[in-house]
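Please see the structure below; I have some questions.
The first chain written gets the first letter, and so on, giving A, B, C and D; residue counts start at 1 in each chain.
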């Protein structure tokens, strides 16, 4: 099975920021999410980037909710399941500390590793996110980056290294990779154009994307998440540079200016683009082969890995 | 007076991190600092980047100590005086918060604006600094960036925008400039190669420096601070790109591998380089003209601005 | 009529190198060319880059043949007509000189300006082209570049500046533009990936294309011609950088590896790509508006310019 | 003997373009050249790029004259001797052909290989040089590039690949290297800023130099020749990028604006710069070791190679 023209399409259906008030098509509850993911899998997606929401739709990393979502997805299809350890900007994820800072809570974030996902996001950096008039500190110094990376290795989880700037690649990601916390291929998600909301994040342009790709450690493969109107051009650009693509309402609520999207529409469009440019969307099995799933340097299989499922 | 071949040499004699144990030539007390600055001014420096230290040599932004240093410098020469609002990584600058974080204290940092300096550093970003086994959070969300920029404008202080990554330029610096908190020319100091100690900082390479320069807002002039062994090549590179240079023990303790430096030696070397490459070191008067000092958009003069001195 | 999302699709149906033996769909005779152009115009092309061929299918710049083709095209549609002054690599275009060199003949090339086209290609450089075991010198020193540029201005022809390397942009194109031989917008066609056949030509990569675009003189708009398998990715890349696109059998004989293309198929595919990425193919009227046709700095209209046609 | 901080300084004392009328310090006759080379060798130069001149000071590749110069140089010092196969823009080098072109004569150029030099320049490209109102074609199609490369290999001569544009590197140099005409390390001289006189040549800027270096084939080492006022900054830039440097009146007649230079002054300045930036000028023996002289893939030694001299 030749992988050279296979492109992994990741669907990020929900995220931790948007609300149904902004786009009524946004799936927030487990059954809604699972249905959307199934439609996107049918359209060509091979990885799902899951965020959990509470019954009131606000953000959480509650492992029970993640597990409920993961189960409903796995019951429908073999898509690769990825759970966020970033969480979101409200609900269980945030609290005002005694020092007056609002924070995205570390103790909540790490729960994202406990729901049996094959992959988890690993945000190896410290940012301030500005949302709804609040500045939310997401403090991830090097020691916490190591704690996340170690926690994933111990659970057999493959990290999706989520980076917003060349510094994130050159510093923590490279340090942790060199320290043996991941094995090649390293799967690095370049998130671009979230710079209006996140301190320490880069805008999207072809030049910026090229520069970020140039910074990747040897042995990496990459995916690009363009935020908002950058979603579509950044995906096309990723394909030109030999990368993989992410789409979905987490990153972008609109199909085009003034027209709200659905996850299925966004997936179908990017899959058309993948094919038009001469590539094929990878199946989940091919995506696992490309990304090196399951890890060979871990002794346990996450609950929702296909092999574990067989045994369960 | 043509300015086109004049280069501003900034001397950063002390900093907020190093100790006399690391380099006995490091000036820490007001009289030591003033003497070093005078020697460097004689060697061609036209701006001094001052950090204050307590009597026990640990870091502080105590305005009285800054004022003492500033006075002793001004008594000796007309060099442009710049006080840090970053402070340092120990002494008065740090505290362990209830949430368990060590922090570089905001309430200390802002005291750096209160000692009559013509310029102050403005670190418009959030970083984690790792020193001596501690991870120190320097939390500067956009609201604090604005507070610093406003405080400087109100006091007639010209900001030295200190940046470590392209995101710092593209985000907060550009936002604050567009919001009118500074007037052209914007003086931006590109600090490179502090990436081993600071999260969200870039290494030095000619390619990285070119890329950072490409990100500068229109109307900017720039200075380059290469840290450690990058000090000398980064200075040469700055000259090739039309920029200004910084030297001194704050950034680099060694003259060459294994040989401790003095501030005077470092200044003399970079001034030789400036001249060898066909430029001339600017005088303090020329440096003020190049940088637009004093500000025309402020109604007060800092105490140590030459004009204010005349009146005092 | 807002032009900001309009993309000019140029169809280059024939070229001066390929033969029907290589691709039987290649139109070489006037009626074949005109029919293909009409189909491509229906599919969304707004400019046609015409090469003339003799009755034996070999290359020529014979103005009568060009005029015959131009007339048949104009009888069918309002597409912008562009005639090559490069010619081709056999037939009337080449001769072995006394010094032993094979040359692409200057006296033949300039005939391309005499057939009433609204635009002509202007290859402002000297290359050696290697074809069928022959090395063909196309000698275009600065004096000939000026002669071409002046000849076009005198005839009211808009140049399509055809460049293969950053030097072509930075040297002759920029010199001639600065000397007043064209008026903005300058229409520059970046031809990439012909480096195996042409000395002094660049391969295609996203990095190379970005670099070439960075070299363009102020006031330029650009089109990208990717040769061979680079045709499709280079077109997508052009769109990401705000450029226009060229397709057709002149540049690429295959729809995909191992599958010969038709001009119509290639046009349809690139137009789908244009639309999928959120742009619209320009009509010929819109293309003329975008490119500044007819020239305002010339006193005559080419015969096949729409205005001239009305009068005729 | 560690080579990591050794920099090869090439002196190009004469060239094939300038005259004593432009700079009376220009050495043109064998004894003048040898004396200058000896002074520059004493100042730190380890390679000499020789051009021959006739008794009337006009350009030639006459092997007897080259041999006379080479002998006088070798009698004085062990500097690496490099003879030009580009020649120059007047004298024996040019003729007006029947087709009306002025040409830099191929049959003269290749004589440069016949005077026993250890290295020769290899200009693997076709250019038009504009001098004194004449456009001089230097036609070097791929077949001639191969002839030069083969001729050098057969004579045990190490090529100095002289390139003016990224295309020269990516095309002929890379092709010939891949075809086995040289062995690593490949010594590539990046000539920048000759773009006003040579078609297909790049200007100097830090960005251009970085881009050219990025194009070098694996196994290359490089030298930079900045022409005119670019000589000094391009040399500094070369050092920052890990390259070697060239100086001398061939490339630049002035020490600074309005002040004519001597070869010795230019050498002394660049050697000061080499040392100031922490490097050491290589000795000729070290230069031979760095460049891989003599070739191991050739069965003969050039007459002026040190080993041949011993035997002679």
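Criterion: contacts are C-beta pairs under 8 Å (C-beta built on N, C-alpha and C of every residue); 3 or more make two chains touch, one makes a residue touch a chain.
Just so we're clear, the structure is a prediction, and the values are computed from it rather than from any experiment.
Chains that touch both subunit A and subunit C: there are none. Mostly identical positions are employed by subunit A and subunit B in their mutual contact, as over half of the interface residue numbers are shared between these two copies. Inter-chain spacing, taken between the CA centroids of subunit A and subunit D, is 54 Å. The geometric centre of subunit C is 38 Å away from that of subunit D, both derived from CA atoms. Multi-chain contact residues of subunit B (touching two or more other chains): none found. In terms of which chains touch, the assembly is arranged as a closed ring, every chain touching its two neighbours and no others. Applying the touch definition to every pair of chains gives A-B, A-C, B-D, C-D. Per the touch definition, subunit D reaches subunit B in the complex via residues 206-207, 210, 232-233, 236-237, 239-241, 256, 269, 272-273, 276-278. Listing the residues of subunit D that touch subunit C in their complex gives 97-99, 101, 103, 125-128, 130, 135, 137, 139, 141-143, 164-168, 170-172, 195, 199-203, 211.
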